[in-house]
Amino acid sequence: MKQETSQTTQKTNKGIKKIGVLTSGGDAPGMNAAIRAVTRSAIAHNLEVIGIHHGFKGLIENEFTPLTSSGVSGILQNGGTILKTARSREFLTEEGRAKAYQNLVNAGINAVVVIGGDGSFTGALVFSKEFDIPFVGIPATIDNDIFGTDYTIGYDTALNTVVQAVDKIKDTAASHGRVFFIEVMGREAGLLALNGGIAVGAEVILIPESNTEHQAFDRFISKGYKRKKTSGIVVIAEGEEMGGALKLAKKAEQENPDLDIRVSILGHMQRGGNPTAQDRVAATKMGVAAVDAILDDQKSIMVGLRYGKIVHVPFNKAVKLNHSIDQDLLEIQRLITI
Amino acid sequence: MKQETSQTTQKTNKGIKKIGVLTSGGDAPGMNAAIRAVTRSAIAHNLEVIGIHHGFKGLIENEFTPLTSSGVSGILQNGGTILKTARSREFLTEEGRAKAYQNLVNAGINAVVVIGGDGSFTGALVFSKEFDIPFVGIPATIDNDIFGTDYTIGYDTALNTVVQAVDKIKDTAASHGRVFFIEVMGREAGLLALNGGIAVGAEVILIPESNTEHQAFDRFISKGYKRKKTSGIVVIAEGEEMGGALKLAKKAEQENPDLDIRVSILGHMQRGGNPTAQDRVAATKMGVAAVDAILDDQKSIMVGLRYGKIVHVPFNKAVKLNHSIDQDLLEIQRLITI
Amino acid sequence: MKQETSQTTQKTNKGIKKIGVLTSGGDAPGMNAAIRAVTRSAIAHNLEVIGIHHGFKGLIENEFTPLTSSGVSGILQNGGTILKTARSREFLTEEGRAKAYQNLVNAGINAVVVIGGDGSFTGALVFSKEFDIPFVGIPATIDNDIFGTDYTIGYDTALNTVVQAVDKIKDTAASHGRVFFIEVMGREAGLLALNGGIAVGAEVILIPESNTEHQAFDRFISKGYKRKKTSGIVVIAEGEEMGGALKLAKKAEQENPDLDIRVSILGHMQRGGNPTAQDRVAATKMGVAAVDAILDDQKSIMVGLRYGKIVHVPFNKAVKLNHSIDQDLLEIQRLITI
Amino acid sequence: MKQETSQTTQKTNKGIKKIGVLTSGGDAPGMNAAIRAVTRSAIAHNLEVIGIHHGFKGLIENEFTPLTSSGVSGILQNGGTILKTARSREFLTEEGRAKAYQNLVNAGINAVVVIGGDGSFTGALVFSKEFDIPFVGIPATIDNDIFGTDYTIGYDTALNTVVQAVDKIKDTAASHGRVFFIEVMGREAGLLALNGGIAVGAEVILIPESNTEHQAFDRFISKGYKRKKTSGIVVIAEGEEMGGALKLAKKAEQENPDLDIRVSILGHMQRGGNPTAQDRVAATKMGVAAVDAILDDQKSIMVGLRYGKIVHVPFNKAVKLNHSIDQDLLEIQRLITI
């Protein structure tokens, strides 16, 4: 037994006896895996764990429930978040945050793990400047657009959901000789569209980060399609500046009435579903790392993954990526779409 | 060897040496399985098989290619149709049909298998009245709305696609406490919406065949949702008379601004995907039965499945169902959605 | 509101105030959907519902927990059974059953719904002859081998699990030019093997109900494979009399050393997984029908589905099918496997 | 048009006019995506492409077929390899390789892309030392165990196949209170077992690279399971030194007869299936990079991915990893499996 204890390097920190955990912002598949990992590793370190429902809103409204090891059993493979999530306007006010702090103090919570996106980390950062309860973040958003980490929980599942949906659409596109304009999520980030488009063999991919593809799009609409292919897929990120799939489709139909164009907006199903292996493993690693960071007296940092290893990124650096995109992928796409 | 021949009841028909096969109308998963079964069973009966591309259009434009046993290998599990499909206005004209007939005569084709919906059968029926080449139909449409058969190819796959997509959406609906209005295919038939809604535990199901659910919808919007549930799913068939999901969502938002409503239109992905076991088996049975029917000198009939057994339904009866729906299912839905 | 009540035909039965529900025997996907339907329809009829854990064992050991409408929320799409299942030797004894009866009386339970296979119904029948608490059954087994019903819960999901697994195996079989011997569940019934084999395009299908395929198997091993195909799939039902896949593979390797044979035993994953649409709908129908039957003072019957409609089958008739198999399917398989 | 050409950096190399591509060793999902990327990027660079069937065997037996852009259309999403694969003893002989060289010269092939594992690269290396035709490799094996690259094609798909299969098995394990011993592929490498085990929440994971888990296994069998959990999953890599799942299960049953143990050997289905998004994107990147490398006069190197970027690894370094495993993951597993 001794040996086991030493193997698993059980940590202690006199100031930390009880931690809270919450999910905030848009939900992402793998959030439950992160909740489970946070809970179980905290318990393994002899901490108590409190689940806070509905994100920062629940912090203010005192929606606290203890989490146990068996209470997080069987959630690893489920999409969504058992702790629910919500937006909270009240947390933007000093009063709201003061209420939240009082609730945390009353409950004896010494630190909080926030699972969410950059908006959630900004909220946590403001709070941490005002009050002495440390927050540690775990990046979770299907957009994978947070600076400082190569990976955010939910991205791989959403990407595979896109790919599986478009695979189905390609069947009917090919049967009818149609062109499909498919809109995928990503208001400010085109990673889902770019990698999804590569993975399904899209003829054109339109993303917010690059407008070099607009020419390819025009060419495809005006003639490219008619020559060699009988059907086609155009993948469009939600936030693409030329407008969404519906608008682009109308424009294209006017330009080339010979095309038989259909539109599909993949929508919210991209946020759900059983997480892929990669999302579960990443969420598990990060969940364990977040508890470690708390026990190491870290605060106002996000745990992330760089080159497969855990890194700590200050909240004020973990903002939305300023749209740097792997240009090689765009070039590859141009090259092999003949 | 003799025994085997007797087992597989190889048939002969002096007038039938070569048959054509085509897919027509909207594509449906399992069409390839039907093409394979038609081709292989015809070859087993010593017939030649010609694949006609792009439906009736290809009949007129002479898009004929021989099909071999190995040529249909590996297509059983693929969605779409290797023979493609298209709408043909020319086939609606006497001239077009005369051209089609000449092509069939020139190619030595003695009979044709049409895989498609009621529109396709109507076309085939008109042709058969004018010319002496028999047509036999196989029902394939994801709507499962053809009179005379309990089953049409593609329905079960589309139903499972709906269910899997809504399962994902439920994850995010539950996490955010949202109500989703989900539009599924079925312009004139609500079977996909009804069974899909039951299978995902929808709070309300709106279908063209019944307006008794409109009250349930109104109740759900005005108060039902707030009392006991924190999220909800409303499944709406495309052809529902109150209008599509978008229109209904706008109306509901006005009536009850407290609801956090989102819309998802599942769209064309419902037409594609690898066929389910049921679609493959049904397509295989019907494909074999269609060749049998031709060898038995049947014409202008659709092969169908009733109570699991092959039946023959005259084309003029195999029209779109006049919307009879299993009322028990609606009642069950009301009962268990508490 | 009145109208709604009349629509949903709320029933009352003075003798029935509280019912129990249990799952018994091997688990099957869709059992949870049935538990949910039983619970919710019972509550809609103003009954109380008690969940009995671990089947007949829990009946004896008093593992009773009330089920609520929200308690069965979110289980519709999950495989397995939240009530667990177990085998109970004690229920085979008079003493055990007496204990079970006393527990039911103490808990005020007036009737019990048993979700399981023919063994479970036999147990329920014995009990019902001795004591005055009625049992009603819902057929659930992936083998679909119960007399009196066209469908048992779990069959369609298991069938699709088989098909999806073999689809993957076919990829590698084709790449390497290998023959795979694939063993599927079905100790006494070959329906999964037969329909699964048709759906994946198996070269040979061996099932307990027919030995006419043994010749086809011998022919395939000795020469058929070498001539025209470079890879092949042999689907074998667990209970096939020639022995399991491993034994047959050894025999085949000796007979034809040129074959590159591999074996795959699909195993218990066939019992799990999210239920398909068909399993969820069937389970929901049967769950509602079981409560109806109890309110109609039925006892010692299984509710089943014949031709899509609910039927009532006395327990003593709802035994395992004596292996009648759709001979047409076998003939079809022979015909199109060229 | 000029702009487009400059964007896609079309390369030329006077010595390279025609390249061959082959798949070798065990097949892996994503190989087709790599074949497509090699073919299309080569054509974009004005090269001719020859598909060589059955790996090195086809090189010797002259199984050469031209590949076109449309010929590799629609294969991106399919498992297996359209070029087939085989083992070749003759290529181990000088004579065999001389024959292969003569065939390549006769066909005018100037360079060859080899898609496979370390064994394939070793073969290519030997050949390259003897003859003046350069070989460039693309790593493809579900084991992800090749030195010099973070990723090999097929790994992510196999990992998700494992996870989805075990998810199903967990349903039935939980329903029956059983312990499942699940054997996954990985004769010399435990990555699939380790990450798969983390992703499904396995109680114990046994891999060739570490024997520290043997104690955990013994503890789990002797008592751990009985205390807190009613079911359990033990994931075992094929090559684990204690013996396969069947042997371990027998041992465990003897030690603790109270356990209800079942075994599942996932087998060859781990090699097939539609590739995941990650496998398709990685295969596409590597396929394009392999053609680039050839045009840059590289030889006897494998293109790999390190930290998401293409790297070139000499064949003699790209051998099987000597079992370095992420020890953090093992520790994480111990920590959160309570």
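Letters A, B, C and D mark the chains in the order given here, with residues in each chain numbered from 1 onward.
What we mean here is this: a contact is a pair of C-beta atoms (placed from the backbone, for glycine too) under 8 Å apart; a residue touches a chain by one contact, two chains touch by 3 or more.
Every value quoted in this text rests on a predicted model; they were computed, and no experiment measured them.
Among the remaining chains, none touches chain C as well as chain D.
In terms of the stated touch criterion, chain A and chain D have no partners in common. Although chain B and chain C carry the same sequence, what matters here is overlap: shared residue numbers make up over half of all numbers found at their interface. Put simply, the C-alpha centre of chain A and that of chain B have 37 angstrom between them.
With each centre defined as the average position of its C-alpha atoms, the distance from chain B to chain D rounds to 39 Å. Chain B and chain C have Cα centroids lying 28 Å from one another. Across the assembly, chain A contributes 167, 170, 174 as residues in contact with two or more other chains.
Contact between chains, using the touch rule, shows up for A-B, A-D, B-C, C-D. The touching residues of chain D, counted against chain C in their complex, run 23, 27, 29, 31, 78-81, 84-86, 161, 165-177, 180, 230, 262-265, 267-273.
The part of chain A that touches chain D in the complex is made up of residues 3-4, 7-9, 36-37, 40-41, 43-44, 69-70, 74, 76-77, 150, 156, 159-160, 162-163, 167, 170, 174, 195-196, 198-201, 212, 215-216, 228, 274, 276-278, 280-281, 284-285, 287-288, 307-308, 310, 326, 328-329, 331-332, 334-338.
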